[in-house]
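Every chain is named by a letter (A, B, C and D) in the order it is written, and numbering of its residues begins at 1.
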Amino acid sequence: MDSSPSLNRVALTKSRIEALCDGVFAIAMTLMIFNIKVPEIPKDLVRTQIAHEVFLLWPKLLVYFISFVMLGVYWIGHHNQYHYILSTDRAFLWINIFFLACVSLLPFSAGLLGQYPAERTAHVVYGVNLILIGGFLYEHWQYATRGRRLVVSDIRLEVVGLAKRRILMAPVAALVAIGIAFLSTRLSLALFVAIPLLYIVPGRIDRHWPGSPGKDSG
Amino acid sequence: MDSSPSLNRVALTKSRIEALCDGVFAIAMTLMIFNIKVPEIPKDLVRTQIAHEVFLLWPKLLVYFISFVMLGVYWIGHHNQYHYILSTDRAFLWINIFFLACVSLLPFSAGLLGQYPAERTAHVVYGVNLILIGGFLYEHWQYATRGRRLVVSDIRLEVVGLAKRRILMAPVAALVAIGIAFLSTRLSLALFVAIPLLYIVPGRIDRHWPGSPGKDSG
Amino acid sequence: MDSSPSLNRVALTKSRIEALCDGVFAIAMTLMIFNIKVPEIPKDLVRTQIAHEVFLLWPKLLVYFISFVMLGVYWIGHHNQYHYILSTDRAFLWINIFFLACVSLLPFSAGLLGQYPAERTAHVVYGVNLILIGGFLYEHWQYATRGRRLVVSDIRLEVVGLAKRRILMAPVAALVAIGIAFLSTRLSLALFVAIPLLYIVPGRIDRHWPGSPGKDSG
Amino acid sequence: MDSSPSLNRVALTKSRIEALCDGVFAIAMTLMIFNIKVPEIPKDLVRTQIAHEVFLLWPKLLVYFISFVMLGVYWIGHHNQYHYILSTDRAFLWINIFFLACVSLLPFSAGLLGQYPAERTAHVVYGVNLILIGGFLYEHWQYATRGRRLVVSDIRLEVVGLAKRRILMAPVAALVAIGIAFLSTRLSLALFVAIPLLYIVPGRIDRHWPGSPGKDSG
């Protein structure tokens, strides 16, 4: 700490942003369970109704899982960027705050979609929320890598570009889902289910990702 | 940081997964208290009714404690695996996300069981949730240890196997509890109470666990 | 990491317990705000009623502050113990889990006391909860220090004893408050307000506490 | 750990305060989303009403964003102080606890303002809450820097003073907003929207802030 105070301070900044992000993501993910309320059933109907009432929760459960996994996608995306990010500045902190404000909005949008899965409005709100999160994540990367401002100096332009395209997949798909919702909310819901799969199935960027096998284990 | 950037990045990945897990576990554990609502009593009945109304909360309180301790069991299980895990990859991250999605579901299942402790459906949902968490925790270990993919190279096969059996105790007992719930929900509840005891009472695996006494203090 | 793997693993264990504790404490503290609901006022009465309705929330606000500060007291107490604790074992992990289960119960007890500040039952529940948290914190210290099991080897018996007495102040005062509640809930509430002051005002233990001034700054 | 136990213990204290703060901030920020409830619409009116009902949530959404960003402002302010803070003491811990108790109150105040954006009382409560948070943050800095008690010894008085003025901007502006609320709640709301901009637009202090560009990247 005494020998290199400034380096230490920078590391602190970076690690505290990550701590706040991990916190907000963990909470937003976990809070979404509150959109699935335990059904209130009159006492004399409990025995006959409870299985059916629980079954009726399936759209909420589906939206819970999609949204949890989508937040996972964005968390991993944010997290991967920090493999390359070395330093921070005030503007970068603010991009993070706005990003997190949109992340933390998802429990509401997911609640709306789970409650009204057949309504266009719910699909538009949910899609716009996904676009906002993805947009700030894109700006986060764009700001950090522009002129190698905050990233490691040996980052390859190819990695920067691949990461950008990878980040944009979700907001672009969400935009398509919003359009489709005006034709069929079932199709739109199916597309929302499909978005995480774009990320779970490994792509070209993975070979450049520090956490991939063959690099870590070595 | 400069001398070994890749090692540092890997450590970051591992520590951020742990941070997200600790966050989700802490939140899921703490949120379960919301299943125990402060009873709303009409003003003129408060004095005479409050003790009784609080007493009536005991099934919810019992389920709260079982579930808190079960999440503790799974958190310790997850945590113990990281003593041996050195690196991560994308698939492993996703196993963690799915694991956490099931962890975060428990406040709902616990709410259902606390509200309807005499209903089979609630026992089935709760048991399935425990099985899902345990299943992903098993897969987490299985994936990391298969061919020593992500773990320390000197891990003994005996430890891998003992850990697997230890992880499976809870989901197997939960499966039995689901079966028993069709005979008696009281017996099933008693079994859910008993599951954590399987873990609190020390077993053979403990001698191999790095945090055990005689190894740490040395 | 390579030179001393076992030490590293132990440090991991200790730091992850602390991470879970910090998480549960932060969440339990913050969740208590939900006991103070925004009053629902009919539209035509808002202008004339809102100030009065907000004023009526004062007992809830008071209990919120007492409870937040009490959790602060216990968090600091737990935190101070870790200055001396070097290692962990399975039983110690479980003491932590039970401790946290009681910490996480306080939002409920605080909600009950804030809702029914004139009812003995609420005072008993709140006091018992404080006693449970303090009791597990005592056991936490007792277990770690018995035969210097998990603590630094140069810890003085005087420090061990002073810390024990300091931990016991809150549960003993809570026990007295429960007794007083049978005479007057106002007096009991006043005592609950006073408990944190026992800790905020510095005592003899502070001179031995590593974080105290004159030691840190040197 | 063995060579410099006391230094290590101090670092632990500092990092655990930061962990608790990051936790409370992350949770308070994320919980505010619960002030925006999914509208409950009778089944036959859903199709025609949902868009309008969602639109009616805009004041709550606005207050959510203001409050999230304000907590961001305070989090960054707290965080920046720790670049200079080296050690802690018991009184400093307590300033942190009171600070966090006020941070954690904001979800309530924000809920009140979002629900009753045209009512003076809501503006007063919200403003007082911002003043309390800012006041404790000021005291936090004042306490740490008085006689360079807990900060790096080479801190310049100019930095101490600039940071104080920067911290005071928000509470002073909130005081003005409270005054204005007695004339027009619209104007007052506009001022609450404007407060974060005072911080997002870079000021003179930024040149001295360790995380600013040109210092980090070097």
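Quick note on the criterion: a contact is a pair of C-beta atoms (placed from the backbone, for glycine too) under 8 Å apart; a residue touches a chain by one contact, two chains touch by 3 or more.
What you are looking at is a predicted structure, and each value in this text was computed from that prediction instead of being measured.
Here chain A and chain D face each other with different sets of residues for the most part; under half of the interface numbers are shared between them. With every chain reduced to the mean of its CA atoms, the largest distance from chain A is reached by C.
The mean-CA centres of chain A and chain D are about 24 angstrom from one another, to the nearest whole unit.
One inter-chain figure worth recording: chain B and chain D are separated by 34 Å, centre to centre, where each centre is the mean of the chain's CA atoms. Across the assembly, chain A contributes residues 19, 23, 26-27, 31, 34 that each touch 2 or more other chains.
By the touch criterion stated above, chain C contacts chain D in their complex at residues 7, 11, 18-19, 22-23, 25-27, 29-34, 36, 38, 41, 46-47, 50-51, 54, 64-65, 68-69, 72, 75-76, 79, 82-83, 152, 200, 202, 206, 209-213, 215-217.
Residues 1, 5-6, 9-10, 12-13, 16, 19-20, 23-24, 26-28, 31, 34-35, 86-91, 93-94, 97-98, 100-101, 104-105, 107-108, 111-112, 115-116, 119, 121-122, 125, 149-150 of chain C touch chain B in their complex.
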